[in-house]
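Both complexes shown next keep chain A, but they swap its partner, so chain B is in the first and chain C is in the second.
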Partner chain A sequence: MKKQLASLVICILLFAITVNAQDKFFTKKGKIYFDASAKMEKVEATNRAVISVIDIKSGNIQFAVMMKGFEFEKALMQEHFNENYVESDKFPKAEFIGQVTNNAEINYSKDGEYTAKVKGKMQMHGELKEVEATGIVIIKNGKIELRSEFSILLSDFKISIPALVKENISDQTKISVDCLMDPLKN
Partner chain B sequence: MKIKKNRLILFVFALIGFGFYGVHEYFRSNKDVSGLKENFRMRADDMIQAFATNETVAEKKFIGKIIVVQGKLKEVEKDEKGYYTLVLGDTGTASSVRCLIDTLHTNDIKAMQKGDSVVLKGMLVGYNADATGLLGSDIQLNRCMRMNEK
Partner chain C sequence: MNKGSKIILCCLVATFFSVVTYCQQPDLLKLVGDDVPTKEHVSNAFKSTRVINGQSMEFLGKGVLDFRILHRFGLINEGVTNFYGFDEAKMRIGLDYGLTRNIMFGVGRSTLGKELDGFLKIRPVWQSKGPGSFPVSIIIVSSMTLDPTKSPPSDSLKFQFYSSRLSFYNALIIGRKFSERFSLQITPEMLHRNLVDSVKFSNDIYALGIGARFKLSKRVAFVVDYHHIFYGLQPGTYSDPLSVGFDIETGGHVFQLHFSNSQGMNERALLTQTTDKWGKGAIRFGFNLSRVFTVSKPHSANKKGNW
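For the complex of A and B:
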């Protein structure tokens, strides 16, 4: 009887761990693209190693990205971005911690496209700022894809653009995120 | 009169020189790491240990540097856009060194498999200490290539 009870407890525990693990999805290969182009110049970069985790039960979501991981077409632009603007030696990482505010409206167990509203705090260049964005959640074949486009102001993060290059770099920067997430297995 | 003319010619040549340099600098693309001198050579496990021991010190020492890293392949990842990432480290721990392969060198790693010993060269761009306790901490190297060493 004791043996049977122990087996039952182990089964329940294993089930709880599995269910808990299936609540979380992650990627370490997410993409972030930013565009701070102004009238005179194209200022774009891509980072293809975004780390992201979502807990579909609570709607909690996190992103982390290495600032030096942004790749520009022009090396000089990449050097200026790291040294003069985001100061990536001093602030090597940007993070977002937030929540899907309409999480209850998303049926994660049914394939389809859903609108997601995300609200949270973004830390970049040593500054913490509230950010809200709308995106799409695509559920397909047991994976979750998150796509979003939103804008931030560089000045909100104390990233200043010298007057000399004001015509080249826009304060308003468009951010595009695309993360294809797998279930997190413990 | 002749001195003035010589100065003018010199000025024009200097201007052309600066112009060429400026255009070259403006359009310069990131260098292939194969042509860059390595700053450090380490085993993947030692690098993970260095960051786990003191993140701030390790970041100051390694970020932005060209690293040659040796280790066993934990995973060969190919994303939906065809980019490869080689994951190095001990299979017993979740922490890894993640090397994003430069598209110029993709063909050199396509045949690689989990468990293979590999030597890679790339630029260390950052470290993500895992705050969730679920994902493992990662060191990230960009623009990586495979070295012909074992």
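For the complex of A and C:
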């Protein structure tokens, strides 16, 4: 009985240690930029309040972004983006839950630049879609910076472009991500 | 149960838990509190800054210039000789500008009476949701019209004064976007004419405007704009202006197609010069065309390269 109790305590301690270890990094001020420009018009916006957390031990990585936080150059375009395209009142948030597939190749304790492959599921406009991207991980002064560029198809997320503005908005949308992450203290 | 089986059970439970955590990634975002609700303004209650004739609770964005062309055709019940009203048209051409997110102003000129008008619209309270939210928007509108015509021979005394050609309009718009589809606003309004045709007439007119929007699809909405005049006009000499129509939005344009018994396109003409009656089929077709231009770019930092 004593032995069992001891192992239980050890188990709990082990758990506690794993949870408390400095293995998670986060930001609430990450940046996501997208460009859905077609021939006629520049359609681009930036969100500067991207929330992201990475668990460097497991390679788990998650992003959350409020759709209404995308800022456009043209106020009306921003309104139409929210009202007609991504329907921000119905689907306020986009999320990505994934994993760094080559996590073992990245030495998070040593400053430098590493290539990272990320695979996971992205949820936007009520649609869930498998997304894969490559990016770079920059380790510097105990902080992690993530940068990536990839493309998605708006039609994959059931964001429809009316025929009238086909010349203005591209289905293929380029997305750039830049997140500078600090250690997450519990 | 002996010791061995207990250990095996422990192991099984442990493996089960680890499998669960492996398959279903823990919600890391919860650790940084991504679900904290924030106060958020409610926008897009109407597609345009006008319901049809009256001002709506909607504003232009900051630095946005709105070029507006309004047409009101003749009476439909004049029949084919007047091509159901299309043979004649009154128009107003105007420019509106969004100074800040909550202040806009505009000027315009109507062919009806050759009147000039200008307005200022301010939103002290903006409908919002989330913590510290407010259920309605409250908007103040103040406008002025000037009759630029020379003094008519019959009235050589009074009309000589510049001030006699002025009218002033003040209104308080209380509006709410109830759902994605439905918005409603009520507008207690007051018009003051510096000069009226007779001492028997009142200089002040009090009315209540009601504007409603019902979205039929993402880009098409049905709108109603009604003004009930309570006081100030001689009974039998006027009708309450009622307009119904559709807003159609295409990128940078908004088309408002409608039927109305009024011909006036500024507040003075709308409230005092509407005489036609819906009941007699005395209605007109009309449209408002709005085209916006982004003049100053407040979000110029949103281009890639300088983010």
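Here, the second predicted complex is superposed on the first by the 165 of 186 C-alpha atoms of A that agree within 3 Å, B and C clash if a C-alpha of one lies under 4 Å from a C-alpha of the other, contacts with A are read in each partner's own complex, and residues count from 1 in each chain.
Here is the rule we use: a contact is a pair of C-beta atoms (placed from the backbone, for glycine too) under 8 Å apart; a residue touches a chain by one contact, two chains touch by 3 or more.
Keep in mind that this is a model prediction, so the values were computed, not measured.
For the composite obtained by superposing both complexes on chain A, the positions of chain B and chain C are in clash. When the shared chain is aligned, chain B and chain C each come close enough to touch A:E71.
With both structures placed on the common chain, the touch criterion links A:I51 to chain B and to chain C. Contacts of A:L184 after superposition on the shared chain: both chain B and chain C are touched. Once chain A of one complex is fitted onto chain A of the other, the partner contacts of A:N84 are limited to chain C, with no touch recorded for chain B. Considering which of chain B and chain C touches more of chain A, the answer is C.
Judged by the touch definition given at the top, the superposed model places A:S176 against chain C, while chain B stays out of reach. In the superposition on chain A, A:K29 contacts chain B only, with no contact to chain C. Using the contact criterion defined above for the overlaid structures, shared-chain residue A:L164 touches chain C, although it does not reach chain B.
Superposing on chain A, the segment of chain C with clashing C-alpha atoms against chain B, chosen from 112-120, 130-138, 148-156 or 256-264, turns out to be 130-138.
Under the contact criterion defined above, the residues of chain A that touch both chain B in one complex and chain C in the other are 24, 26, 28, 31, 48, 51, 53, 62, 64, 68, 71-76, 78, 82, 89, 184, 186.
Taken together, the chain A residues at the contact with chain C in this complex read 4, 24, 26, 28, 31, 33, 35, 44-46, 48, 51, 53-55, 60-62, 64, 68, 71-76, 78-80, 82-84, 89-90, 95, 97, 99, 162, 164-165, 168, 176, 178, 184, 186.
The touching residues of chain A, counted against chain B in their complex, run 24, 26, 28-29, 31, 48-49, 51, 53, 62, 64, 66-69, 71-76, 78, 82, 88-89, 92-93, 180, 184, 186.
Those residues of chain C whose C-beta lies close enough to touch chain A in the complex are 6, 25-29, 31-32, 34, 40, 43-44, 60-64, 98, 180, 218-219, 249-252, 292, 294, 297-304, 307.
Those residues of chain B lying in contact with chain A across their complex are 25-31, 59, 63-64, 77, 79-81, 83, 85, 98, 100, 123, 125-128, 132, 134-135, 138, 140, 142.
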